[in-house]
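These are the structures, in C-alpha cells.
One chain, subunit A, links the two complexes that follow: it is found with subunit B in the first and with subunit C in the second.
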Partner chain A sequence: MRAFDWALLLLLAAFAAVFPFLVDAYWLHVMIVAMMFAIMAASWALLAGYAGQFSFGHMGFVAVGGYTAGILATAAGVPLPLGMLAGVVASALAGVLIGWTCLRMSGPYLAIFTMAFSEVLRITVVTEVEVTGGAGGMTVPQLFHAATDFPYYYLILALLIVSVGGMMLVVASRWGLFFRAIRENEQAAAAAGVKVTRFRIIAFALTSSIAGLAGAFYAPYIGILTPDVASQDQMGLVVAMAIVGGMESLPGAVAGAIAVEFMVEALRSYGEWRLVLFGALLLVTMRFARNGLITPAWLRFRGFASPRAAQLAKEGVR
Partner chain B sequence: MQGAPPLIEAVGLAKHFGGIFAVDHLDFAVFEGELVGLIGPNGSGKTTTINLLSGNLGIDAGLVRVRGQVVNGLPASGFAGVGIGRTFQITQLFGRMSVLENMLVPGLARPHAVKRAVVREARQHLEFLGLASLESLAAKNLSGGQQKLLELGRALMLRPAILFLDEPFAGVNPYLRDQIIGFVKVLHEAGRTFVIVDHDLDAIQRLVRRLVVMSRGKKIADGSLATVRENRDVIKAYSGT
Partner chain C sequence: MLDYLLAQTVNGLVIGVLFALIATGLTIIFSILKVVNFAHGELYMMGGYFAYYVISWFALPPLPAVLAAMAISFAFAVMVERGLLTPLYSPTIERKADYGILITFGLSVFLRNIAIILFGPFPLRPPSFFAGDLVVGGVIVSYDRLVAAGVGLLLLGGLIFFLNRTVWGQALNAVSQSRESASIIGINSQRIYMLAFGLGGALAGGAGALIAPIYSLSPSMGLVPDTQAFVIVILGGLGSVSGTIISALLLGVAQNLFIAFLPDPSRGPSYANAFGLGIMMLVLLFRPTGIFGRQHVAMD
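Entry: the complex of A and B
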C-alpha cells in the first residue's frame, strides 16, 4: 500500500469513528443497516465473484445465523453473544452441507438449487410457528440496553472491518488464487493440483459463516426476525449491491451496499418507483460495466497516481 | 531401467460411453525417462486414455498404477499430486488471471510450497518458454501459440514425474511447432518423461523412439518407429482397408 492508500484509509477510519456524532438517529440506523448489508454483499461477492459459485441462497444462511441466535436466546435461555456465535457456526455447517450437496452443479443449476434451499428454509420458518413465530416473526432480546444505537454502530463497524479484512486476506492468499482458478476453469484447476471439492466447500462454508454473522447481528439489532429475511427480494438487493459496487472487489461490494442502501432511503419519497430506478441501474451496470460502477471508477481515480494498476485493470487481470 | 516398476501403468483399462468402448481393456506402461508417442485415427481413444490416466475421467474397469501404487479413484488433483501433469487438446487456461498467476496455481498447490520460491521458479519457466515479458498480461489476451506454451509451463510447475501432452502441435504454425519440439527435447534430455498424443506424424517422428498406436479403443501396436510403420494393423487402421 502506498502513502495515498494509508492516508485515505486513515481518513475513512476517522470519519467512521465520528459518524454517529454527525448524524441523527435515523441516518445512524440507515448506516448500521447499510454496514450489515455490506457484510452480506461482500461475502456474496467472495462466493460468486471470486469463487464463481453463483448462489441465490445467501440470505438463507443469514436466516440460519439469525434464527439460531434468536431461538437459542429466547427458547433455550442461552446468553445472546453465545447464541450469535452458535448462529455463525450453524451457518458455516449449513454452508458445508449445501456446498457439498451441489458440488457437481454450476451456473443456472447452482443458482436454482441454492434459491430452492433458501425458499425451503423460508417456508419452514413460516410453517414452524411454535419455534420461529411463523410469518408474524420472532421477538429477539436486545444485545445492548443503551439510549442510543451507538453500541450497535461500533459493533457492526468492528464486525465489518474484521470480516471484510479477513476475506481480503483470504483473497490475497493462495486460497484466493485457487478460488479464482476454480472460477475460471474447474478442469484445469484440478489438473493443476487444486483440490476443487475442498475449495468449493471452503468457499461456501467461509462465506456462509460470514452471512450468518450478519444474520446473528440483525436479529438482536432489529429485535424482530421474520421469514422475509430469507426472501428473494432481499437476495436480489444484496446481489444488486454487489453488482453495482463490483462483484470481483470486496471493498467495491461494501461501497456498493452502502451507496445503494443510502440511495434507497434518500429516494424513499418516490415510493416503489425508486425500486424501478434501481432495477434499471442494475440492468445498465450488468450490460455495460461487468465489474460494477464503483470499482472501475475507483481504479480510474487511482490510475492518476498509479498507471501500472490502471494498466492491469485495463488488461482484464482479475 | 526396466527393472524398476513403470512410472505409470494401465492394466486392462476400460471406459465405455453407452454401449461403445472408448478404451477397451488397454495395457500400457511408460518407464522413467521415456518419450512415447501415442497415435491413432480420430476416435481411437487417445484422449480418453489420457483423461483416464490423469484422473479427468472415471475408470470403468482396470487399474492405473503410478510407481507401483494403485491410484484408481483419485480425483484429477490427486493424480496431479502423484506427479501426473497434462495439457489439453483445447487449451485450458485461467483466462482472466495473469500469465504469472496461471503458473503460480500449480506451484502453490504443491504441499509445503513457499510463495517466494514458487514465483522464482515460475519466472524461470516463463523465461525458458519466452513468455517472461508477458507475465502480467491476462492469459486470455495471449495468442493461441502463446497459450499453448503457457499451458505447458503451467504443467511444468507441478514438477510432474510424467507429462501427457494432448495434441500440442494442433493448429500451430510451423515456427511454433519447431519451438515446441525444441522445448520438449530440452526437457526430455533433462530427464523429463513424456507421452505425446498428436496427428502430426512428422513432428512425432522427430521426437519419439517408441510409438503406441490405438484403434477403436485398443492398442494395436507398440514399438519402435520402424516396426510400427510396417505393422499391418496400423496400415489397415490408417488406410481403412
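Entry: the complex of A and C
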C-alpha cells in the first residue's frame, strides 16, 4: 500500500465515521442494511470466489444465526448479546457440519446439496410455528433503546470492519493461498501438501460463522425475522452483489453490496422491476464481465496512479 | 383409509409423470452441456404461461395448446442457450461449471421476477382439458389429472423413441459420451447443444402446460419443481433418462404416501418437499452416482 491508498482509506474511514450526521434516518437505515449485506456478500465471495466452494446455502447460515439469537432471546430468556454470540457459534458449527458432510462434493453437486440444506431449513422454520413463528415471522427484542439508529450503525460498521478485515488477513496469508490452490485443483493441492479436508472445512466454518454474525445482527435490528431470509431470491441478491463487485475481491464484494443495496432503494418506486433489474445485471455481468464491474473499474482508476495496476486492469484480474 | 391411500398413490403417479418430464429435460441438458440448469423450474413456469396465452389469445383448445406451448418453449430455450450458454463451449473460459451454475441461477431469478411483471402476481388458470371427476369405488380422480398423466406418458414414450431410435437421439448420446469423438465423426456439436437445451425446455414447458389446469399458474410455481427435479435426477443418477423416469414415479408416490402417513396432517404437505430433499442429501452423501447412474457422465 502506498501513500495514495492510505490517504483514500483514511478519507473513507472519516466519511464512514461522520456518515450518520450527514443523512436522514431513512438513508441511515439503508446504509445499515447495505453493510449487513456487505458482510454476507463478502463472506460468500470468500467461500465461492476464493475457496471455490459454490454454496447456495449461505442464507441458510444467516438464518441459523438469526433464529438462534432470536429463539434464545425470546423463548429461553437469554440476554440478547449472549444469544447473538450463540447464533454465531451455532452457524459456525452448522458450517463445520455442512463442510464436513460435503467434502466429497464439488461444483454443481455441492451447489445442489447446499441449496437443499437451505430449503429444508426454510421449510422447517415455516412449519414449526410454535418455535419460530412460522411464515408470519418472529418478533425479536431490540438491542439498543435509543431514539435513533446511531448505535446500530456504529455496531455494524465495527462488525463489517472486523469481519472483512479479518477475512482479508486470512486471504493474504498462507491460508488464502491454500484456498486458491484447492479451488484450482484439489488433487494437485493435496499433492503439494495442502491439507484439503482441513481447509475446506475451515473455509465453510469461517464464512458461515460470519454469515451467522450478519444474521444475529439482522434479527434484533429489523425486529422481525421471517423465513424469507433463507429464500432463493435473497440468495440471488447476495450472489448478484458479490458478482457485480467482483467475486475474487472482498472489498469489491463490499462495494458491490453497498452499490446494489443503494440502487435497490433508489429504485423503490419501480417496485417489482428491481429484482428483474438485478437478475439482468447478474446475467450481463456474468456473460460479459466475469471479473465484476467494480473491481476492474477500480483498477483502471488506480491506473492513473500506478502503471502496475493499469497493467493488471488490461490483463484482467485472475 | 384404504381409499385414501389409493387416491394418494394415484395422485403420486400423476405428479410423478409430470416430474419425470421436467427431470428428464434436466438430465438431458446435463449430460450434453455438462451444466446443471438452475433455471429449469422457470422454463416449466414459462411453459404454463405460454399455454395460457395461446389458449386465451388464439382460442386454441387446451390439448393442442400444450403442443404449441412446447414448441414455443423449445424456441425460447434455444434462444437462452445461444444468448447465455455459448461461453461454456469456448476453450478460453476457465471454471466452466461455476459459470454454468451462476448464469442459470441468475436466469432463474430474472425469469421469476420478470414473470411477475409480464403475467401478474395473481394465479391464473387455463380451462380444463375435460371437466369432471372419474369415480372408481371410493377413489376420485379428476379427468384433468388423468389427461395430464396420459399425455405425459405419451411424451415420455416419444422421448424414449427419439433418443434410442433416431439419428438425432444417437447423436445426442454420442456427444454425451465424448464431445471430441462426436465431432470427429462429423456431428455438429453446436446444433446438438441447441437441440439438447431446446428439448429440455420443451419437456419442462410441456409439464407446465399440462399442470396448469390442475394447479394454477403463478410466477413462483417453478421453485418447488426446481428442487424436486434435482432430487429426481440425483436419485436416478445424473445423465440417465430411464433412471430419472423411474425415480420420478417413485418420488411422486413416496411423497404422497409420506403426507398420508405423517401423524400430524397439518405438517404433511409442507414437509413433503423437505422429505424429498432429505433423501437427496443422503443419496448425494452415500451414492453420488444415484441408483441408475452412468459413470461416464459424472461431473469431473
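Simple rule for what comes next: the second predicted complex is superposed on the first by the 309 of 318 C-alpha atoms of A that agree within 3 Å, B and C clash if a C-alpha of one lies under 4 Å from a C-alpha of the other, contacts with A are read in each partner's own complex, and residues count from 1 in each chain.
Keep in mind that, in the parts below, a contact is a pair of C-beta atoms (placed from the backbone, for glycine too) under 8 Å apart; a residue touches a chain by one contact, two chains touch by 3 or more.
Remember, it's a predicted structure, so these values are computed and weren't measured experimentally.
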{"item": "A:Val126 touches, of subunit B and subunit C: first, second, both or neither?", "value": "second"}
{"item": "Superposed model, subunit A: greater residue contact from subunit B or subunit C", "value": "C"}
{"item": "Partner chain in contact with A:His145 - subunit B first, subunit C second, else both or neither", "value": "neither"}
{"item": "Contacts of A:Ala192 with subunit B and subunit C, given as first, second, both or neither", "value": "first"}
{"item": "Partner chain(s) touched by A:Ala181 [first = subunit B, second = subunit C, both, neither]", "value": "first"}
{"item": "Touched partner set for A:Ala116, first subunit B, second subunit C, both or neither", "value": "second"}
{"item": "First, second, both or neither for A:Arg268, with subunit B first and subunit C second", "value": "neither"}
{"item": "Touching residues on subunit C, where the partner in the complex is subunit A", "value": "35-36, 38, 83-84, 87, 93, 95, 97-103, 105-114, 116-117, 121, 223, 227, 230-231, 234, 267, 270-271, 273-274, 277-278, 280-281, 284-285, 288, 299"}
{"item": "Residue ranges of subunit A in contact with subunit C within the complex", "value": "48, 52, 54, 56, 101-102, 104-109, 111-113, 115-117, 119-120, 123-124, 126-127, 232-233, 236, 239-240, 243, 272-273, 275-276, 278-280, 282-283, 286-287, 290"}
{"item": "Partner subunit A, residues of subunit B touching it in the complex", "value": "54-56, 75-77, 80-81, 85-86, 88, 92-98, 101, 104-106, 108-110, 115, 136-138, 140-141, 154-155, 157-158"}
{"item": "For the subunit A and subunit B complex, residues of the former touching the latter", "value": "174, 177-178, 180-181, 184-185, 187-197, 312, 315-318"}
